[in-house]
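Below you'll find the structure I mean.
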Amino acid sequence: MHRYIIKRVLMLIPIILGVSFIVFFMMDMAEGNALDLIGLEYSEEKLAELYRQYGYDRSVFYRYFLYMKNLLHGSLGQSIIYKKDVWELYMQRLPATLKLASASVLVAVVLSIPLGIKAATTHGSLVDNTSMVVSIVGLSMPNYWLGLMLAVLFAQKLHWLPSSGDLNGIKSLILPAITVGTGLMATMTRTTRSSMLDVIRQDYLRTARAKGVPEKVVINKHALRNALIPIITVVGTEMGKALGGAVVTENVFAWPGVGRLIIDSVNQRDTAVVTGCIILTAVLISIVQLIVDILYAFVDPRLRAQYSAPRKKKAKAAPPAAPERRAAA
Amino acid sequence: MSKGKEIAAVTAAGTKSKRRDIWRRFRRNKGAMLGMLILIVLILVGATVDFWLPEDWIVGQNLTEKLQHPSAKHLFGTDELGRDLFWRTVYGTRFSLAIGFVAVIISALIGVPLGAVAGYYGGKIETVIMRITDIFSAIPSILMAIAIVSVLGRTTINLMLAVGIAAVPQFTRVTRASVLTVKNEEYIEAARALGKTDPYIIFRHILPNCLSPIIVQTTLRVAGAIISASSLSFLGIGIKPPTPEWGALLTAGKTYIMGYSYLCLFPGLAIMITVLAFNMVGDGLRDALDPKLKN
Amino acid sequence: MKKRTIIAAALALAMTLTACGGAAAPAAPAAPAAAPSSEAAAPASGEAAAPAEGNYVDHIVVAIDTMPTNFEPSGNDAPVLNRLVYDELINYDKVKKELQPALATAWEWVSEDATVLHLDLREGVTFHNGNPFTAEDVAYSLDTNVNANIANYYDHCDIKGDYSVDIVLKSANADFVNLLTNTLYAGIKDKESCEADADNGSAIGTGPWKLDLANTIPGDTIELLVNADYWGEVPVTSQLTLRYISSASSRLLALQNKEVHAMMAVGETDVPAVQADPNLEFVSGAGVGPAKYYYLAFNMTNGAAKDNLYLRQAIARAINNEDVILAVGDMEAEASDGAFWGYDTPFRASASDFQVDLSYNVEEAKALVEKAKEEAGGTLPELHITGNTEKSINMNHILIIQEACRQIGIDVVIDESDGAGVNAKTKFDAGGYDMIQYNVPLETWPSGVNRMLVYSTGSNNRALFQSEEISAMLEEATSTSDDARREELYKQVQVYVHDNAIYVPAYYGSRNGAQLAGVEGIVWSNDGYPEFTYARYAQ
Amino acid sequence: MSEYNMENKNPAEAPAGTDNILEIRDLTVHFVTEDETVEAVNDISMHLKKGEILGLVGETGAGKTTTALAILNLVPNPPGVIKSGSILVDGKDVLKMSVRELEQTRGSDISMIFQDPMTSLNPVFTVGDQIAESVMLHENCTKAQAYERAEEMLELVGIPRERAHEYPHQFSGGMKQRVVIAIALACNPKLLLCDEPTTALDVTIQAQVLDLMLELKEKLNTSMVFITHDLGIIAEICDRVAVMYAGRIIEEGTLEDVFNRTKHPYTEGLFNSLPNIEDRTAELKPIPGLMPDPTKLPKGCAFAPRCPYATDACIDTPQDRHRFSDTHFVLCSRYKEPGFRIQREEIS
């Protein structure tokens, strides 16, 4: 297990290199740069000095070299727009993103897993059909639109909840969490249902029933434990996505999260911030993925065996992909 | 259709009845049939709208009738320049569908061969391709798309490219996974024994046999692409006005959402219904193509 | 319309006066009184006011529409924030349209021409960190000022004493006193803290509000605490939060929902709703401060219309400015009369000065198109227009231009872009467009932004207009102190720009805001930078 | 409830004796889906005495497993529907039991060993846990005691007790089936239903497992229903045999009755399709044709289309029950004709 974790951590290195390279060069190819934007009113001497300071008087390769040199020294660089360390900026935004991500995933897990189980065990019933219709509709709603409509209803018309920002504690969290959570819930309900449907036909449940195990235990212990892998996969993937910042939702609700920082920084061509934040996001997603993989091992002894045998082909260790998917947004 | 023929060539007899079976299973799924009906209507509208909808109805401004709430004259109301939102939404079908389809074709064209090669050859090639895929998927897809549009500029085709490229990793993964399942089948061994070249085997034997997941993925991805594209529009990185792409309509409407929420409601509904239709057809296709997955 | 809002602003001012018990002047202390007395007066008035007037809420939240990102007063693009945290040397009262002493209690040109400016500084002022304010800080702030408006003229300071300094300019500029009032770039920061902390040192000012950096999220929420030691009137509110909410509808939603007490920039179509809402008060900034001027400019360096005067004139005549105003929905906007100049800026040309009539007339425009075709040798090129299309106000303006051009048979393609893109195109890549829609906040003095629009290296020169002759005229106009000569030169430039249809101005926009009924003390202004210093809300 | 039932029912045939551990009467099970109904089990009756082993033979799809599941009242519903009948186990009707009673009966009174050991064990729990769970459910004991019992059971089926902590994927197929047997026998069931317990195993392992089961059956004095399509196994272990075809028992009798005095043409076909070791040159005679579509069973004899003796009447009219002795009967209308015989000779 330790070797496996170390291996996974080492695998982050090429990802960081790759991500930084792609993002850095893409940002550079975009029209304009951050210095031009803040420097519109700057005197020419000052601008020239800043150009030198940030390496904009030289090629993009030089700037990338500078960036990587900094990265090796543990620094994610300095934001031109915010005049601040990228790490510091990121850490200021991370709490809001974490809060939103965990709230929406939590809501989705708490509601959708029981619903998915119910739908699967009463396959073809009214509950099943309704939950399927609702979740496919939930899946088809652009979440920024849902967010807007929720804001209009609950903030403008009913005045029940705040419409933006993160200043009113749990109340502020509700609408954004529902907006992000709806899509997650749809995905998770569908995954739970189809995964349970697969498991529910398995012979070992019949064995359990033949032993006299009560139906509730059969479903919640014997079946669920086996259906968990795809569910955990989806929870992990969605958690990862949410950690990258629910860009659009954060925008609708003026949520002070990482996603909004990134998109604002893209608009301002703040290369260091965008690159740094995406690297950190990738690292965070990888950590979530690692936790998910470790969870697999707890849930399924067969996978546990594969982790402890590091020489085995990696392809096998890859758990079954979740059958469900979501729109990219 | 030619791909369909290829399947027929490869999977011996019974294909016709198999296809009839698929169709029978698909037809039985009411949701999928409803979705298909909606799609057919949308595609018909999208394909022909250029011929029968006068340009003036779409871009013609009439400032005396600006921001009118929905009425018999203007079903969906009018926007801030007095343009009829209903006709703009109808015309928008064309762009939204086109973006969805083209984007997915782009991602399939890149992702499927990459996945097939990775799955077929394995070893170093696979490692390289899959690592690159990992890197690309480590970048949140919407940010990826934003970056691409920022670099390439804001044109329709770039938007399609951006949305398409951002979805490539998914196609690569799905294709690789299903290639892995068929690559050791006996008929592949047989083809190899007959001295067929690798590209021939990949395109004639392997890909046709893992089409099901790819077809399903494609359908569902179109839905995703439409949402992605509209999200980009929403964030202000979308398509060129006065093109009435739905996301762009919604974005424009967002400004007026306080007093004129219908400007957001209808394009949003249009997106939702279209995506819903694709999702339902996708689900139906998956159940029909792979009955194991259902019951 | 304008009159009414001025009255409203005056009323607001009067209320401010009553609030501080008449002990001190309104927005900023007017009297260049001796420092100790003012210091004594300010806290006294604050203490006297608060209990007397009683129950104001401690915490005011304001939704703003520009994102404050960093805390460098000369380079952060955030006048709203600067006005709270920093003081300028001289204050320009937007309402009274007059200069008032601020950190400088008196100023005078001590050279023959406008090259050496002497300032007497206010004594007893301290920065938020307790450091005393002295001439060193003035010199440091000006030395490190990155803004072209200061840096292009400023040379150095001769420090005559702790509270006495001569500012020496590189070249004469009669408007320099005005430039020192600008909240966009003329705030004074603490030399000592800046040198000690390169990142956040410049967040220390002398203003009425202190930045609470621990709770501030740059780019989202700015937290401020009242500066109880402020040399002027101390606000009664003890905490002020600025929240950046980019979309107007979301800002209004937050206001209606009472998440914020006031908001900048009501969405154009939301104005009637705000006016109808008894809980809200619509506040226009019309008449207070310089207005933003919305225009269409032709790329004169490499645009397709650069050599075709008739084509430019045809487009100018095809656009109905009233339509533009209607489309952008700015109810208090004032249509342009053609002069490219701030409406309250001196030396303004008027319609009678122009040689060519470029007023709206489609028939004339079509005739001009025919001429343009001849000029171009048959067919007219497709024109690409760009602009910061992320804002709907710009987009709608562009759409009207596109439609107007369609009416006279000219095809226009819209190249969408954003702030960064437009800046890159205009300043550094030189072009890539034929036309550009943009806006500029025209100041009340001519040598600032106004000049930058046509000066060959001007930062706001979106037309990329290069003319040594015009640049020379502008240089002369800036440096001379002879007002008659300045007027002559400035008018010539305006007439040239108008007749050649380089810039096609559309309208002076109005800026507005909204607040909860009962909110007092905010100075709303037309430059889009309201002053929240004395915002308060009775419980 | 067909016409045939009314006429041919022989109440004496299944006496409600107290020594019957299992009594099935007129059991009919259908699988109903939206557009078709599979008639899986059609009006069967059978009984099993204490300590007896009944072999249930038939092709795949004949309804054997469904019958066994019905005894546990475990027919998956939907789509399975028990249309009619009663199943008395030790005098109590499992079809009328409450959920609670059922749970108590399953695993303690009746146990079942399933066909495929590979899939019958839950992959995510240790084998010890899986055996102990059954003990915990039915016996009043602590977890530790249950686990102790589980280890004993493992030893009983020939697996070292230390392996109780291992997971199913760490066991071979034969070992897994031993675990399944251990689970089934953990609570000393009165009735054991074995659904082709050896089919999935290698031949050598098959013998071991069979021996083990017989041994345990003796030890624990369990009655068994042994489902298989392997006549060899039947001959080895069963006391009585019931042959199923298309959801009906078409011949039932003691081992000798069915093997040596075969009466039904289908049973004859089964024997003919076995290779004959004595006469290797003899041609194998498979039964021509396929089982009828269970959704479209004919009114008459379902085997008639494949039956060399069939007359037109066989297809159209319901089969007759013909009794040869107290223990032996067939379901075949031709026996109405005096002197009708099938080719297979009686072996005495």
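Note that the chains are named A, B, C and D in the order they appear, and that numbering of residues resets to 1 at the start of each chain.
By definition in this document, a residue touches a chain if its C-beta (ideal position, glycine included) is under 8 Å from a C-beta of that chain, and two chains touch if they have at least 3 such contacts.
Bear in mind that the values here come from a model prediction, so they are computed numbers and not experimental data.
Novice: Centre to centre, using CA atoms, which chain is the farthest one from chain B?
Specialist: D
Novice: Pick the pair with more C-beta contacts: A-C or B-C?
Specialist: A-C
Novice: Please tell me the distance, in whole Å, between the geometric centres of chain B and chain D computed from their C-alpha atoms.
Specialist: 52
Novice: What whole-number Å value describes the gap between the mean CA coordinates of chain A and chain C?
Specialist: 40
Novice: Starting from the mean Cα coordinates of chain B and chain C, work out the distance between those two points in Å.
Specialist: Centre-to-centre distance between chain B and chain C: 46 Å.
Novice: How far is the middle of chain A from the middle of chain B, if each middle is the mean of its Cα atoms, in Å?
Specialist: Measuring from centre to centre gives 22 Å for this pair.
Novice: Provide the list of chain B residues touching at least two other chains, using ranges where the numbers run on.
Specialist: Only 153, 254, 257-258 qualify.
Novice: Counting only residues that touch at least two other chains, what does the list for chain C look like?
Specialist: 253, 256, 390, 417-418
Novice: Residues of chain A that touch two or more other chains: which are they?
Specialist: In chain A, the residues touching two or more other chains are 30-31, 152, 156, 251.
Novice: Which chain pairs here would you call touching?
Specialist: Contacting pairs: A-B, A-C, A-D, B-C.
Novice: Using the touch definition up top, name the residues of chain D that touch chain A in the complex.
Specialist: Spelled out, the residues of chain D in touch with chain A are 69, 72, 74, 78, 99, 102-108, 111-112, 114, 116, 119-125, 133-134, 137-138, 167, 169-170, 180, 183-184.
Novice: Give every residue of chain A touching chain D within the complex, in rising order.
Specialist: 124, 202-215, 222, 225-226, 299-302, 305
Novice: Considering only the defined contacts, which chain A positions touch chain C in the complex?
Specialist: Interface residues on chain A, with respect to chain C: 30-34, 36-46, 81-85, 89, 92-93, 151-152, 155-156, 159, 162-165, 167-168, 251-254, 256, 260-261, 264, 267-269.
Novice: Write out the stretch or stretches of chain B touching chain C in their complex.
Specialist: Of all residues in chain B, those touching chain C are 59, 61, 63, 66-67, 80-81, 153-154, 236, 240-242, 252, 254-260.
Novice: Please output the residues of chain C touching chain A within their complex, sorted ascending.
Specialist: Residues in contact with chain A: 61, 67, 69-72, 75-77, 146-152, 184-185, 199, 217-221, 241, 243-246, 250, 253-254, 256-259, 390, 417-421, 423-425, 427-429, 457, 459.
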